[in-house]
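In what follows, chain A forms one complex with chain B and a second complex with chain C.
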Partner chain A sequence: MSRRRPRPVVVVDAESTNPPGLLEQIAAVGRRSVTRTLRQRALLVFPLVFPLILFAINGSSLSAATKIPGFPTNSYRAFALALPFIQGSLFVAVTTGTDLARDIETGFFNRLALTPLQGPALLLGQLGGSLVLACIQAVVYLLVGLATGVVIVTGVGGAFVLLALAILIAFAFGSLGALLALRFGTGEAVQGIFPLLFVTVFLSSSSLPRNLIKVTWFRDVATYNPVSYLIEGIRSLIITGWDGQALALGFGFAVLLLVITLGLASAAMRTRLVRT
Partner chain B sequence: MRVSNAISAIEVEQLVREFRKGPRAVDGIDLAVSPGEIYGFLGPNGAGKSTTVLMLTTLLPPTSGRASVGGFDIVKQGAQVRATIGAALQEAALDPILTGREHLLLQATLQGIGKAERKERADALLDRVGLSLAADRRVGGYSGGMKRRLDLALALVHGPRILFLDEPTTGLDPQSRAALWEEVARLAHDEGMTVFLTTQYLEEADVLADRVGIIDHGKIVAEGTPAQLKAEIGSPSVEVSAVDADGGERLAELLAGFGTPSRNGRGSVTVQLPGGEAQLAEIVRALDHADLRVASLQLHQPSLDDVFLAKTGRKLEGTADEQADEPPAPAARGRRGR
Partner chain C sequence: MFVARGVAWRSIHNTLVSPAILLPSIIFPLFFLVAFAGGLSRLADVPNFHYPPGYTAFQFVFVFLQSAAFGGVFTGFAVARDFDSGFARRLLLSAPRRSGIIAGYAIGALLRWMITGTVVTIAALIAGMNVDGSASELVGLLGLGIVFNFVSALWGCGLAMFLRTEQAGAVIQMPVFVLLFLAPVYVPLPLLTGWIHDVARLNPATVVLEAGRGLLAASPVKVGLAFILLAAAAALLAVFARRGLASAERAG
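On to the complex of A and B.
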């Protein structure tokens, strides 16, 4: 520590400072969240590599499925491209939840609680980094798909809608991660939910169209599983064309999931951010 | 509007915090801290120090009792209390991915400091705590002492009048500890900041605090200046060691004239000095007159550890591992105990 006499830094009356507005608070917390995400390469690499490896394996090994009568496309790779967007969203959930849980565990959350920061600003700002991660992932998945010969039948406009839907889904799953972190307060609890989410994705129409699933219980589970409609919304833009019903269901379930997870996360934030 | 025009910077009356299925962590404490005073809150782990700090910093509602900080009620005027105080809570709560400067800029933004002033404030604080050269390094690479100094700087960003430091030097090496003490003393004595400092180190309370409150099992068992507390429990003692092993007997006979001597088994004899250290000169003269050669002569002032022993029946040093930890901070506690 410096031995020379410091100049006083207490030059303001703390009570006279004006608390920042909600948007400024969101921006400040969001900037930190984005910085954190971009500086942790592992957070960027694994969510990119793992879904793309599965995409490569499925795209080549399950191509015979396109010979099943009624299969909606003759390119299994195009059919399978929807899955990485959903898997990437699961990584967003874990990243968001783990980051927030770490803040709680280390006491950084308490540090923020001692400022005039509002709960919604903390939650939305924290999700800012997740959205950046989601954007990067979605663009990379799309570019890899195009590079491997997948044709987006809805064209450039469809690609943008696809990205919007993928980011919306990632936002919803990110909110789920935040909810788990706020509810349980530990990174372990957040990571523990990951296998369950992964199973949920596989018990959907991720590998086959629902009408071609022969096992009744599997088809029923896939039909009741909202993840099927998220995948089918994305997939419709790649292989079907402008399918209003698929898009309505995809966006509808994504919004519904977001409303539920964000709503519950906000309530959990109010409980967690106890201040008198 | 402030709830009181009291002179005290911190006023606490019968403050209680109970945890569900847990002990009464804070059990009806009363205290008052004057502006510009360093108040040392001394006690072993689990005594109730951190729970008290969490209540006074508005992060934990009390079960009963009342307290005001900076004249604001901690329950009814939480936002005003938070604007008045700075706090460095247990364990430096920092983000290892961010740099020191980024921490300060984030804190300054959230505290509502104008954009133009943030950078200047951050630079001044970094300079003050000696982190200018490390300002743009990620905090993950900081030493424990550097983290604590950054923690202190973060608590000062908005110019608080009252500073809460919860075990600020735990785990630090002696040099870092001394540097932090120096800085805290400057804040109080040069800038008039009120400091509420919890510690389990006797030396820290002794060196730094103007007044000390000793807390044990949620209750304040003693309070006063370190000198008052030591004086309360008795007079100093002198320990004299004879040069020869058989000189102990003669020493004991001679020192019996000053009090009741006790033999220490190594040829040394200790005697309490009811008349205080002024009697030391008389002892030296008596030894000289008796032509008794001594190897050493030591005056022992009562320590805060003696005070703690007298008030609780236990020694403070070494109790840390025996005590159950206090319930963790609310944010880390999940939903238990609300």
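On to the complex of A and C.
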């Protein structure tokens, strides 16, 4: 029986003095990241299932909320569908951060640093796995929502925009996970931050629209919390229709989070490579 | 008793000296209290929602009992961690009477929850929670929490001793989490509709939750039944935990 030989991360011609191009480097590191993500079934299943369990329970438990005067829809399940996308994004952050931290802890990162691999390639490649996870999650959550009777009022086009926004948000949170891993260097530290990330979802408009939150300080916190706008961007496509302001805020905050976290992660990467 | 005292002391000592262990068990219930009592208080305006002490008190009982249950779950994590580090095996070798190990972990769980329960109660009072129940009714609520904590500690210890790895954390936690959230968390049982109403009606955690809410509101309901159910669960899970211990003994 023949055994498959492991594929090298980057094929380099020993005779050549030219290192592989940036895109090739990103692809090579990304391929490894994607393979690792897909091989860790437990890491794939839990982030998928946990938000769906909460969606199933809260979608029914909180259905009485639709009787509050001014509630924007008569289906709490439709209202709640935005939440799994955000919770799944938090899991993407943890998965990405933990994987990168493990590379740092095991010394794999140090060995890569000795190769001609460029910092941006290493960072963007490592995010390949989180992108795949984000895509899988977004599609599954949408399909589960549709299967449970949720109607996307913006139709097929809206569903595609929703997927794009959800994937962008998850990728931004994946970058945040990478930043945490690069700054702290341990998986334990990354996982320790997870409860704090979760808190930002609690303190948002995740369970009720902001105008229906009765406690003033909570409503103020939810208003200043960017997570509210990420949720509301996705939610608008499901229950409101084409709401330009909600979408602009949703995409705007997602891009802002991505730019900030990627920028800081790049700086942290440079520092870590210098340390190495 | 000597073994139980030693294990309990170690358990509470580890909790107190390690913020990484203590803080999550305090912070999580606090955030549940803030998020539910603060963010969802408008639910009290839903027609036919009737709980005189108010929504903060309504949610406090859930968070109080949830923190009791998770005190036990976190102890299960500690047992699993002790097996991963090899400490539990040394403990099994050195303990003259091994059932004292379970008792020690259970006492540790109770002491740990006492800290969390106190913090959650103070936070709820600061948030303006109304307490209508008499002193004896509040003792009844505390009793529910203590027995609930004991039941979940037996579950956590038993399962951790069967699985003997920290990776068992999700398996220990998830059934307790789901059981609690399949009870009437946000609104009273009559206001639930659909499948969640049918499930909540049959869920034993619903009885415990309703009993707790009744005691805080000075209108006790199903208190006896709640204690009977918890006692039955404790008896069953004591057997389960003892078998887990036997499994760990066989594994060496």
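Here, the second predicted complex is superposed on the first by the 257 of 276 C-alpha atoms of A that agree within 3 Å, B and C clash if a C-alpha of one lies under 4 Å from a C-alpha of the other, contacts with A are read in each partner's own complex, and residues count from 1 in each chain.
The criterion applied here is as follows: a residue touches a chain if its C-beta (ideal position, glycine included) is under 8 Å from a C-beta of that chain, and two chains touch if they have at least 3 such contacts.
This is a predicted model, so every value here is computed, not measured.
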First, second, both or neither for A:V199, with chain B first and chain C second: second
Touching partner for A:I68 - first (chain B), second (chain C), both, neither: second
Touched chain A residues, chain B compared with chain C: B
Contacts of A:G107 with chain B and chain C, given as first, second, both or neither: first
Partner chain in contact with A:I57 - chain B first, chain C second, else both or neither: second
Touching partner for A:Q245 - first (chain B), second (chain C), both, neither: neither
Touched partner set for A:V215, first chain B, second chain C, both or neither: second
Which of chain B and chain C A:T271 touches, first, second, both or neither: first
Which superposed partner A:S207 touches (first chain B, second chain C, both, neither): second
Residues of chain A that touch chain B when the two form their complex: 1-2, 6-15, 17-20, 24-25, 28-29, 31-32, 35-36, 39-40, 103-117, 183-186, 271-276
Touching residues on chain A, where the partner in the complex is chain C: 46, 53-54, 57-58, 60-65, 67-69, 192, 195, 198-199, 202-203, 206-208, 212-215, 217-218, 222
Touching residues on chain B, where the partner in the complex is chain A: 57-61, 74-76, 78-87, 89-91, 93-95, 97-98, 102, 106-107, 109-113, 121, 124-125, 127-130, 138, 149, 154, 156, 158-161, 179-180, 182-183, 186, 190-191, 193, 329-335, 338
In the complex with chain A, residue positions of chain C that touch it: 20, 24, 27-28, 31-32, 34-35, 38-43, 45-47, 49, 170, 178, 181-182, 184-187, 191-196
